[in-house]
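Below are the C-alpha cells for one structure; questions will follow.
Letters A, B and C mark the chains as written, and numbering starts fresh at 1 in each.
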Amino acid sequence: MLRKSRNTEMNSDNSASREPFSFGKILMYIILFIGALVMIFPFYWMITGAFKSKLEVNLIPPTLFPENPFNLENFIYAFKTAPFAIYFRNSLIALLGCIVTCSFTTILAAYAFSRLRFPGREVIFSLLLSLMMVPYEMIIITNYRTIVNWKLHNTLWALILPFMSSIFYTYILKGFFDSVPESLYQAAKVDGCSDWKYLWRVMVPMAKSSLATIILLNAIATWNSFLWPMIATNSKEVRTLPFGLYAFMTEGGQRNERMMAASTIVVIPMIIVFLFARKYIISGMSRGGIKG
Amino acid sequence: MKIRLENIVKRFDDNTAVNDFSAEIESGELVTLLGPSGCGKSTMLNMLSGILYPTEGKIYFDDDDVTYMSSEKRGIGLVFQNYALYPHMTVLENICFPLEIKRVPKKERIERAKKMAELVHVEGMLNRKPGQLSGGQQQRVAIARALVKEPRLLLLDEPLSNLDARLRIEMREEIRRIQLETGVTTIFVTHDQEEAMSISDHIILMKLGVLQQYDKPQYLYDQPANCFVADFLGNPPINKVEGVVEGGKVILNTGEDSLVRVENVPDGTKVYLSFRAESVILDNKSPLKAKVVMTSVMGKEVITSFVLGGKEVRGYMNSDAELERDQEIGISFKKTGVFVFDYESGERYL
Amino acid sequence: MIKRPFFERIKPLLYLLPFIVSVTIFTLYPIVNVIRMSFLEGYKYLTGAYTGIGFGNYQKVFADPYFRQALSNTFKYVLIVVPVSTVIAVVLANLLNQKIKFQSFFQTAYFLPMVTSSLAVGLAWRFMFNDKIGILNYVFSLLGMDTIPFLGKSGGNFLAVAIFGIWSILPNTIILLLSGLQNIDPLYYTAAKVDGAKTLRIFFRITVPLLAPTIMLVVIINSISTFKMYHELFPLFGGPGVAYNLFTVVYYIYYEFRVLTPPKYGLAAAAAVLLLITVFIFTMLQRAVQAWSRRERGEDVKKVKKHRDEFR
C-alpha cells in the first residue's frame, strides 16, 4: 500500500541490493531497529509487567522477562476488584452502536452529497468541511450540557448519540462515491433501479474497502475514547474500558503490575485488529492527517 | 419500434448542444449517430435514453410521446464506452440485475440471463467478475445486460472506443450479428466513420449540434450533402483543392482549368474542388498537369502523391509506368467521386 | 422543463436528514452556543441568567494566572515536541522509504501506537518513568547519569510529558512524511546517483528540499494537535502535574467546566473560542502551504516531463 508505487518504480534500481553489506546499510538497519524498539518497548513493558509479581515489579535491576510467565493473578485481581467484564461489554456496545449508526448516516449523506442533486449542495458540503477544524474540546462543553439536559447523563446512550455522524468519514466516503463512473448510475437508472436500491446493491458493495477504512477508524476512536466517557458517565455500570482503567488507577491502588494487567486488557483487542487490518488502518490514517 | 424526433433543441446555459434536430428511425434498423467530438451526438443519445430532457421539441417512440418520460419507463437498453458493469457482481448477476429490479422471478431471471449470455457468447464465464474479463468480453456482457429485459430500443454509446483495433473489428461484427438476430432497433454512437460505414443501415452525420445528412452509408460517401460530409467520410481523406468558377469552369488557384464543369454558379464564386483518391485517372493526353511527389505501395494498390493547384493531393492510379519524383503527369477525373463545394458555406454545386 | 415529482425533490433531504440532525445538534449548535456563552457575563447554565454582554470573560481569562501558566506551558510544549518529533520523523521516514527488509515488522512497530489507547500506553510510560523502580532511571544509572524525577515537579514531569508526547506523535508524523516522500519522482534519485552523489548529500540536497512542503505541513498539523495537549496528563500524573504545574490551555477549559464546582462556563467558553481562533490561524496557514506545494508539484511534473522529452 504505502510502498507500492515506489517498489514498481524502483525495480530497475537495484544497486542497493547488489552491495547488501555496505556500512550505510548496516547503520540504516541499526537506526531503524532502535527506533522500532523505542516504539514497541512500552507495549512490551506493559504486557510483561502484567505477568510480574509485586516483588518482581519492584526489583532493581528490573527483570526483562517475567519470572513466571503464567502468573495471571494481576488479571484475576483486576477482574475481581473492578468489573472489567462489564467495562468490556460497555465498550463493545458503544463500539457497535457508534459503528452502526455512524456508518448508516455516513452512507446516506455521502450518497446525497455525491449523487443526488439539490440546491446548495457544494456550499453546504464545503461549510461542513470547514467545521472539521473546530477543536473537539470546544464542542464537548455544550454536548455535556445537552446530554445532562436530555437526562442521558450516565447512560450508554450518552456514549453513542454525539457520535452518530462524522463529517470526516462522510468526506472519505463521498470521495469514493465520486470516483464511481456516472455511467453505472445511468445504466441502473435506465433499468428502473431506484436510488435506494442502487445505493445498497451497487454503491455500498463497491465501497467495501472505503467502508472498512472508516469503520476501522471509527472502531479505534470509539474504543480508545476516554475523555468523553469520563465526562458523560460516572457509575461503574456504564464505564467503558479506558475510563474503567482510569478509575482503576485511583480506586485499585497504585500497584504497577495490576495497572499493567488492566492496560493490557484495554490494548490487546486493538493490537489484534491492527495486526489483521494494518493495510486499511494505515491508508486511512494517512488520509486523516491531511484532512481539512 | 419506430422513433420520431421533431425539432429537438438542447441548450446548456448559453451553449446549444443540439439544434433543430428532426429525424425518423425505422423499426429494426441499426442507425449510427456519427460526428466529431462535441457534435452533440452523445447529448442526442442521452435525450433518447431519458438521462437528459430536450429544451424544445418532441421525441416519439412509435406513437408515444416520451419526451419527458423518465428513463426506466422507456424500455431501453444502454451500453457504455466503459462498459459500466458492476464490479462486485459476477457476469450472471450483472445480466440478471435489470430483471431483478423488474421483480422477475429468480428462476426465470437466470434462464433468460443464460440465454442472453449464449447470444453474446459469454456463457462460459458466468461466474467470473468483470475484472477478470477482457475488454471485448466485458462489452459482450454489457450488451447482454442491456438486451436481457428485451428493450424496445438499444442505445450504444461509443461501445468500441476502449478496445484495441483488432477487437474493435471483431466486436462491431458481433454487434451487427446480435442486432440482426434480435431485430432490436439500435442507435449506435461513434466518432469513427469506418465503424459507422461498416455496421449501419443508416447514418446520421452531425456537426455542432446540427444534422448534416441522414442516409445509407454508401449514399453518404457517394453523394455528400456538403463539404463537411465529404471531408468527414473516406480514408484516405478526400482531396481538396481551392479554385474559382469562371463561365461554368472550375479554375484552380494556380490558373489551370480543372476540366470540371458546374452549372448555374455565378462567375467569381470561390469553391473547393474535392475528389476521392479513386476518382483520379492518369491521362497524359489531358491538359491538366500535375507534378509527382512520391508513390507508395499499400498492399495491392499504389497511391501517388502529386501537386495539383498548389496542394499536395493523392490518387490511386492503375499505371504500370513507374512514376518518379518531379515527373510531370496529366490528370483527369472520373464521373463519380468528384464534387464542387462553396468555399464559404460548404454548399454542394456538383 | 418539467417539474420533478415531489418525492424526487425532497429525496436528498430525506437522505441527509439523520446526518444533518446529528451534526446540527452535536457539532453546529455547540459551536454557536460556546461562542454565545463566551460573551455572556456571569452566566448560569441552569437558569440561563446572565448579568451582561461583553468581553468580561475574555478579560478574566487573560487575567487568570492559571490561564497564563497554561499558555506558557502549552507554547513550551509545542516548541519542544514539534521540532524534535519532526527531525526524528524525517530521518525515520526516509529510512522506511528505502528498499528494506522486515517491512511488515517495521510498519507494525512504528504505527502500532496509532491504534492503541493513549491512556493505557500512558500508564505504561508512567511505569517506565517511575522514580524508584522505573526502567528509564535504571538505565540512566547504568550509564552513570543522574536520575530524573520524571513524575515529580521541578521540570522533571514536563520532560516526561514531552517525551511521551514526542513518542505519541511520531507515527502520524512518519505516515504524513512517507506519503510526501512517495510523491518525489525517483528520477531525481537516479540522476543524482548517476552524478555520483553520496547518500548524505542526496538526503540534504534532494530529499529535504523536495520534502520541504510536506515538512511544513507536518509542522503545522502537529502544532495544532500539540497545542491541544491535555490527554497525556491523565495517565502520567492523574491531572495537570504536581500542584497544577502542568496546566495547559485545553486542560484549563476542561478544568473550568468539569472540575470546578460550580463550573465557570463563561471562562471555559472564552478559552475555547481563543483555542478556535488559534487553530483557525494555523489551519489557514496549512491551506496556504497545501496550495503552495500543489503548485510546486505541478511545476515539478512539468519539469520532469520536459526532461524526459529531451531525453528522447
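Side notes on the structure shown:
As a working rule, contacts are C-beta pairs under 8 Å (C-beta built on N, C-alpha and C of every residue); 3 or more make two chains touch, one makes a residue touch a chain.
Since this is a predicted model, take the numbers as computed values, not measurements.
Using mean Cα coordinates as chain centres, the one most removed from chain B is C. Comparing per-chain C-alpha centres with the mean over every protein C-alpha atom, the closest match is chain A. If you average the Cα atoms of chain A and of chain C, the two centres end up 16 Å apart. Mean C-alpha positions place chain B and chain C at a centre distance of 59 Å. Taking the mean of the C-alpha atoms as each chain's centre, chain A and chain B sit 56 Å apart. Residue positions of chain C touching 2 or more other chains: none. Per the touch definition, chain B reaches chain A in the complex via residues 49-51, 71-74, 76-78, 80-82, 84, 86-89, 97-98, 101-102, 145, 149.
Partner chain C is touched in their complex by these residues of chain A: 2-3, 5-7, 9-10, 13, 15-17, 24, 28-29, 31-32, 35-43, 45-46, 49, 57-62, 104-106, 108-109, 111-113, 116-118, 121, 128, 131, 133-135, 137-146, 161-165, 167, 170, 195, 220, 223-224, 226-227, 231, 241-242, 245-246, 249-250, 256, 259-260, 262-264, 266-267, 270-271, 273-275, 278, 281-282, 285-286, 289-290, 292. Across the complex, chain A is touched by residues 11-13, 15-16, 18-20, 22-23, 25-31, 33-34, 37, 45, 88, 91-92, 95-100, 103-121, 123-128, 130, 132-133, 135, 138, 167, 170-172, 175-176, 178-179, 182, 186, 189-190, 193, 199, 217, 221, 228, 230-231, 234-235, 238, 250, 253-254, 257-258, 265, 268-269, 272-273, 275-276, 279-280, 283, 286-287, 290 of chain C.
The touching residues of chain A, when paired with chain B in their complex, are 181, 183-184, 186-193, 197, 201-202, 205-206, 208.
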